[in-house]
Each structure stands twice: as structure tokens, then as C-alpha cells.
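As C-alpha cells, the structure follows; a few thoughts come after it.
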Amino acid sequence: MRLFFELFKRAFQRALTYRAASIAGLMTNFFFGLLRAAVIMALYGSRTDVSGISIQDAITFTGITQAILSFLNIFGSYDVMNSVSSGEIATDLLKPYSYFAFWMARDFGNAINQLLLRGLPLILTYAVFFHITLPNTLAQWLALAVALMLAWAVSFSWRFLVNLSAFWSPEARGIGRLAFGLTMFLSGFMMPLRFFPDWFVALCNLTPFPSIINTVIEVYLGVLGGPELIRALLSQAFWLVLLFVICQLVMRAGVRKLVIQGG
Amino acid sequence: MSIISVTDLHKHFKVNKHRSGLAGAVRGLFSTESTLVRAVDGISFSVEPGELVGYLGPNGAGKSTTLKMLTGLLVPTSGQLLSNGHVPWRERKTYVARIGAVFGQRTTLWWDLPVIESLELLQYVYKVPRERFRHNLAEFRELLELGPFLNTPVRSLSLGQRMRADICAALLHEPDLLFLDEPTIGLDVVAKERIRQFIRHINRERGVTVLLTTHDLSDVEKLCERVMIIDHGRLLYDGQLAALRDRFGGKRELVVDFAEDEGAAADLSVDGATIIERDGPRVVYSFGRETISASGLISLLSARYRIRDLSVREPDIEDTIRRIYEERLLEKPSN
Amino acid sequence: MRHTLDIYRRLILVQIRSQLQYRVSFLLDTLATGFQVFISFITLALILQRFDGIGGWTLSEVAFLYGMVEVAFGTMDMLFSGFDPANFGRQVRQGAFDQLLLRPISATLQVFGSQFIIRRVGRIAQGLAVLTFAIVSLNLNWTPAKLVYLPIVIASLVCFFGGLFMIGATITFWTVDSIEVINIFTYGGSEMMSYPMHIYPDWVRRFFTYILPAIFLNYAPALYFLGKPDPLGLPPFAAFLAPVAGIATLLAALAFWQYGMRHYQSTGT
């Protein structure tokens, strides 16, 4: 926890120091949000409601996804991969905490930063330009908080797992690009999954990806009834546990390979 | 006619300050401060064809900035600089065709290519005639012992191998001038020695003028007759290495082993030298150049006592230069 | 000039050879890039099906626009990858750009030759597939003029996107971190240009008409090829301004790039 706090503080300082870059990043996210909102409006045309999602909800969707984009690292991360390929991992493994926890703490520090310094201002800017929907009960806010944390944890575990491919392939970046491209399209980042035909949604639900974005969106918009909501959160938790276990197993195999073959 | 002549060269940078700590970062939101850094602050020197000059200075002294201006990578803030008949940054392409440069931390070779293919590409880049290329490569290959890794991709070379390949690459087009930035940094003793021998070779046999920056004073001791010392952007010293030692070398030491029976007796002290160590028959004297010469001291001692053995210890060049930096022995530039 | 082109050819060959060395990774990467374009088109298609087109354009019509932009962006991304701002910014910080300045040939040419990412053929191929699908399903009225003009439009788009990459690369001479905002113009530009431009708010469209002449490169020519009426009231010759807009962008970018290099030589990093 202390490690997390230190990392968080440092990332926060960095963001303030390079505020030109931070502001530019915010503008970028906002600009893409505008584009996506324009596409949504053109798609809706004169419709007001599609698959239970009102036009206002759909515009809100573009804002929320842009806001949590960097919190969840949707475009992927390659840090662990770099540490494995460069051999830095050897010193990291000697440190008295789990490798997974170490990166998780780092990622969390960074994620919270992104949520506060990127996500929050973005959604506020959005509120100036568009009429956005807000969760209207305390229960909904609480559920949103839980869904967000689970989404981040699932996203982190998935990215960590993808990064571990570096143990076996010297060119793991290609695998990363493929995997993270998949995440973007099957998570409901581009469009709410409700807009898609049933077969496509069923396909997505066989993967952990909807737990990363779609669940958060549906919880936020309040389109899930009580039992559905519980089921969605449980499904997030299920994927988290599963990915966590796989990460541990793969990690152990990777380290064994490292020790035996010397990298 | 000098091959390099530099007059009152300045390079100043504006640097934005980042305040430290969280409070500093928050304050930085409202105002930024910038400071003017005088990386090179009025230096002048000239180099004659065929010289091998060492350019020394601590980190951040202005060595690399000078080198970047000499190679045309940076435009000076003010001052004149003429090298090999060109103003480097103004006639970049014609100028760099006749120089070689190796920046120790960066490779000029293509990362994924075997060394030989990189060298062949450079042959086309510099339009080296095929015969000359073959001849030079054969020579350098032997001197630098490139043979074992000519077909290895650059990314899999050791640091020492990469440096040798880079030095070879910098010389295939037979430049008049060679700039080396920290050519031996991070290398082991054997690799360092091989590179030094090669530098000496191309300087003596081919008459290439060499300017090299280094941290490693043994490079200087083994290679350079002339050194320039820079600190805080100013030249502190420019002259012969031997003269530097004479002027700032501090005290020399004479170690004398007296015959057994002399040891216990007299006080053994001599005018102009002080005893700094006494261990049975062995006595160590320390003496300055200005008070007495080594031969003077020896004849004085041998006139009075019976001596079994003696040796003179010269002060370390490293100590000398450290003293120049630390005590700022040369306040003004020497020219 | 002949020497310069010869060096360029050699540099590119070197890139190709070294990328083909890692055959598995090359295949995987090509598949990955192609796959991304494919899946992004599939999702677009599913959405357009659900909503019956967008802004009065059918799926096939949007696919035409989309295919054109993808082919052009993929080609550009291959030819201009040395200028990819993220990558180029790193090169500058690590001093690799200095190494180019130490060689007696044009630095611009060397940047062109420093990266040639052949896995982009995946993206180009997928773009071509989408374009072909559009052309086949639209049953367009092809005239010889249109047949000649289509490759010209795509080439102009390549120049346009290449100019944007160059501008982005030049900005990294000033910024320490390669800043994300450059993505607005490169990736953002290509994404927004995949949709008919009349769906955007006025100020966005104005920006992409007067500041960056994007509208003359995708929307106006597409209206001409598809034979659709123009809801924006662009002048009739707007469809034929593509080469002018493309080349002007590239030339402006080159001038800015030269200026950036001079700035770099006076400040370093």
C-alpha cells in the first residue's frame, strides 16, 4: 500500500510537471469524444431510443468511454514486456514482493491518476457541451465504483497476461498489438454492445473484454435491473479470478524457463 | 595552417526549471522559471594537422557540446569555428563527408544488420571507391580484430565489439579528422587497450587528426601529448601533458632503503624534503620541484649515508587533474 | 539525386530484409494489423446495419469512403513510418537523429529510409478488400475519367497523411514527450475521414476544410464517384481539388520540417 502511495504521488507530480502534455492529452481525448458523439448523433438521426439506450445515453457513452480510456489503459501497455525482454525482471524478481503485486500497484497508481486528472476533467468538459446522464441513486453510484474497480483489475490482469508472452517470444509486441486490438473492439469501447446482434454479443461474452468496458457503461447508464446488475458484477469478478489464476500459473512457468535457460 | 581553429566560441541554452517535490510541481503550474546555461562559454583553441588531442572535463563541463559544434550538429550562439576548411553547420554535407565521428553511447550502424552489411551501406553513402573500401576494410579488420563478428547483427554485439565496429565505420571513408566521444567508456582493460592502439596507429600511420573526449585518464596518458581541460564551459588548460604534470603535479616522492647500520642512527632529515614515512631502514621523502630536484636530493643523501636502493614516484595524472578541478588551480583560461 | 535515390533504395531493402528475418513475428504483425482493420470494419458494418446507414449514406457508400482512406493511410504508414511522431520523437531523444546528421546525405531522405514497416501491407490489403466490396456492391457508373481519378485521389490522400506525419515529427523537435495531441491530426484525421463529413458540427468541418484541406480529399471526391448530391454546397470543382490539397499539405509539411531541423541544430536536446 505504501509502495502504491509513493508511486501514485510520483505519477501525480509528473502529470503536473508536464502539464502541457497532460492538457494536450485531455484535448485529444475530448476531440475524439466529439467525433464519436457526432457519429452517434448521425446514426440516431430522428430516433430517440435504440435497444433501450436513449440518444442522450449514447452521447454520454462516448464521454464515459473517453474518460475511462486511460484509466483502463484500453490501448494496452508494454512495460512488463519490456522488463522481461531487457532482463530487468531478474532484479525485480529479487525484491521482497510478488512481481504481479508490484506491477499492479504501479498500474493502480497510474490508473487513479488518469481517473482524477484525465477522466474527471474530461467528463466535466463534456457536461459543458452536451447534456449528459448521471447515475441517480446512491446504490447506482456504489455499483459504479465497484464495477470500475473490477474493470480496472480485469484490464490489468489481462494486460499482464499478454505481456508475459515476452517470456517465450522475443517479438511479443506483435502479440500485444493483436490482443489489445481485440480488447478495443470486443469490450464495447467503440459502441455499446447492445447495438450489436445477439450472436456478436454472445461471442463477446465468451471473453473477459465486456467486463472491462461494457459492464461499467451499463452500470453507469442504469440499464441493468437488480438481478442483472448482480450478475454483471459477478461476471466481472469471475473473469478477474480466472485471469489472476492464469497469470500466476503462466508467471511460474515463465520464471522457471528463465531460471533454467537463463533468459 | 591549422585544421581546426576555434575563436571565442559560445553556446548558451535556455533551460526550464522544474521545481522539486509536490509543492514545487503545484507552484510550477503558475509560473515557470528558465535559466541560461552557458554550456560553452568563450573557448578558443586550434589544432594542427596530425595532432592527437585529449579533451578532458568532468560531466557537464561542455565537452559534448563542443564536440557537437565541431561535428556540425549544433550551431554556436556566437564565435568562430573553422574545421577542415568548412564552417561545419553551414556546409554540413560536404563537411561530414571528410570527417569521422563516434559518439560512444550511440551506434551509427544499423541495429538489425550484420556488421559487414552496415559497412557496405556506408561505402555507398560515402561513395568510397570499391578498391579503397576493400583495402581499408582488410586493414581495419585485422587491427581491430573484427573478423569473428563481421557477420553478427549489431544488436548482438558486446559493447567492446560494437565500439570497434563503430570506429571502423567512422574511418572507412578515410576522413581527415576523427572525433571520438568517450571511445573507451564501459570497456574492459583489454578492449580499451586494443582501441587505444588502433587510434595511435591511424594517427601515426595515416596522419588522421584526432580529437577525443574522455573520462579515462589512462586514455590520455597513453595516447595524447596535448590535452585541453574544460570545466564550466571554459578552457582551464591547453598544453603538453608533461608540462601539466610539471606545473600542477604536486610533490614527488623518493623512497630510500638505507643500509642496515644507518637506519637507527641519525635523524636522516635533509633540507628541501620532508620525511613522510619511516619503516625501519625504509624512508619516504616528499619533495617539491621548486625546492630541490630528484638528482639533487639523491646526491645529497648518498654523500651522507650508505644507500642500498631507491626509487622515485611520480604523482598520478588523475590526482593532478582532480586537483585542477577541485582547487581551481587555473582560474583564467590559459590562452 | 541518383546517388540519393540509390541510397534510399538500399535503405529500404535493408529494412525489408531485416523484417523478414523474424518470419513469425512478421506474419503475426501483418495479421494483427489486417485483423484490426477487419474487425473494425465488421463492427462498423454491424452498426450501420442496425441503424440503416448513417446520415443518408448506405453501408456500401460508407465502405467506399472507408476503403479509400484505409488504403491511403496504410500506404502512407508504410512509406512515412520514419516520421511516425512517437517513434521519431524517441529517435531524437536518444540521439539517433544526430547520427543521421553525421552522414553526408540528406537527413530527410535518411528518415524516410530509417523505417519501412512492411506489416502495413495487412492494413492496405484489408482496405483494398473493403474498397472492392464497396465498388462491387454499389454497381457504380464508371467512366474513364473516374477510373483514372480514383488512384490519383488515393495518392493525394497518401501525400496528405504523410504531410501530417511529418508535421507531427517536426513538433517533437520542440516537445520533450511526444505529445498525444498529434494523434488528433493523424489517427483522428483518418478516422473522421472514414465517415461522410456532413455529420460533423460546423466548426469541425470548417477546420477540416480551411485549416487542413481534408474535405477535398475524401468527401468531395467520394460524392463525385458515388454520384451523390452535395448537401454542403461545395463548388462543383471541389471534387477535383484532391491532388492540389494533397501536394500543398505535403509541401507545407516539408517547409515546416526544414524549419524544425534548423531549430534543432540551434538548440539540440
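Lettered A, B and C in written order, each chain numbered from 1.
FYI, a residue touches a chain if its C-beta (ideal position, glycine included) is under 8 Å from a C-beta of that chain, and two chains touch if they have at least 3 such contacts.
Please read all numbers here as calculations on a predicted model, not as lab measurements.
A.B. asks: So which chains count as neighbours of both subunit A and subunit B?
C.D. replies: Intersection of subunit A and subunit B contact lists gives C.
A.B. asks: When the contacting C-beta pairs are counted for B-C and for A-C, which pair yields the higher total?
C.D. replies: Greater number of contacting C-beta pairs: A-C.
A.B. asks: As a quick test, compute the distance in whole Å between the mean CA positions of subunit A and subunit B.
C.D. replies: 52
A.B. asks: Hey, how far is the Cα centre of subunit B from the one of subunit C, in Å?
C.D. replies: It comes to 48 Å between the two C-alpha centres.
A.B. asks: Can you check how far apart subunit A and subunit C are, centre to centre, with Cα atoms defining each centre and the answer in Å?
C.D. replies: Whole-Å distance between the two chain centres: 28.
A.B. asks: Among all residues of subunit A, which ones touch two or more of the remaining chains?
C.D. replies: Residues of subunit A touching two or more partner chains: there are none.
A.B. asks: Quick check: in the complex, which residue numbers of subunit B touch subunit C?
C.D. replies: Against subunit C, subunit B makes touches at 13, 65, 68, 71-75, 89, 92-94, 96-97, 101, 103, 105-108, 110, 112-113, 117, 121-122, 124-127.
A.B. asks: Quick check on the complex: what are the subunit C residues that touch subunit A?
C.D. replies: 22, 24-25, 28-29, 31-33, 35-36, 39-40, 43, 46-48, 50-51, 54-55, 119, 175-177, 179-181, 183-184, 188, 191-192, 195, 199-201, 204
A.B. asks: Sort out for me which residues of subunit C touch subunit B in the complex.
C.D. replies: My answer: residues 3, 6-7, 10-11, 14, 18, 21, 94-96, 98-99, 101-106, 265-268.
A.B. asks: Applying the document's contact rule, which stretches of subunit A touch subunit C when the two form their complex?
C.D. replies: 18, 20-21, 24-25, 27-28, 31-32, 34-35, 38-39, 41-45, 47, 50, 169-171, 174-175, 177-178, 181-182, 185, 190-191, 195-197, 200
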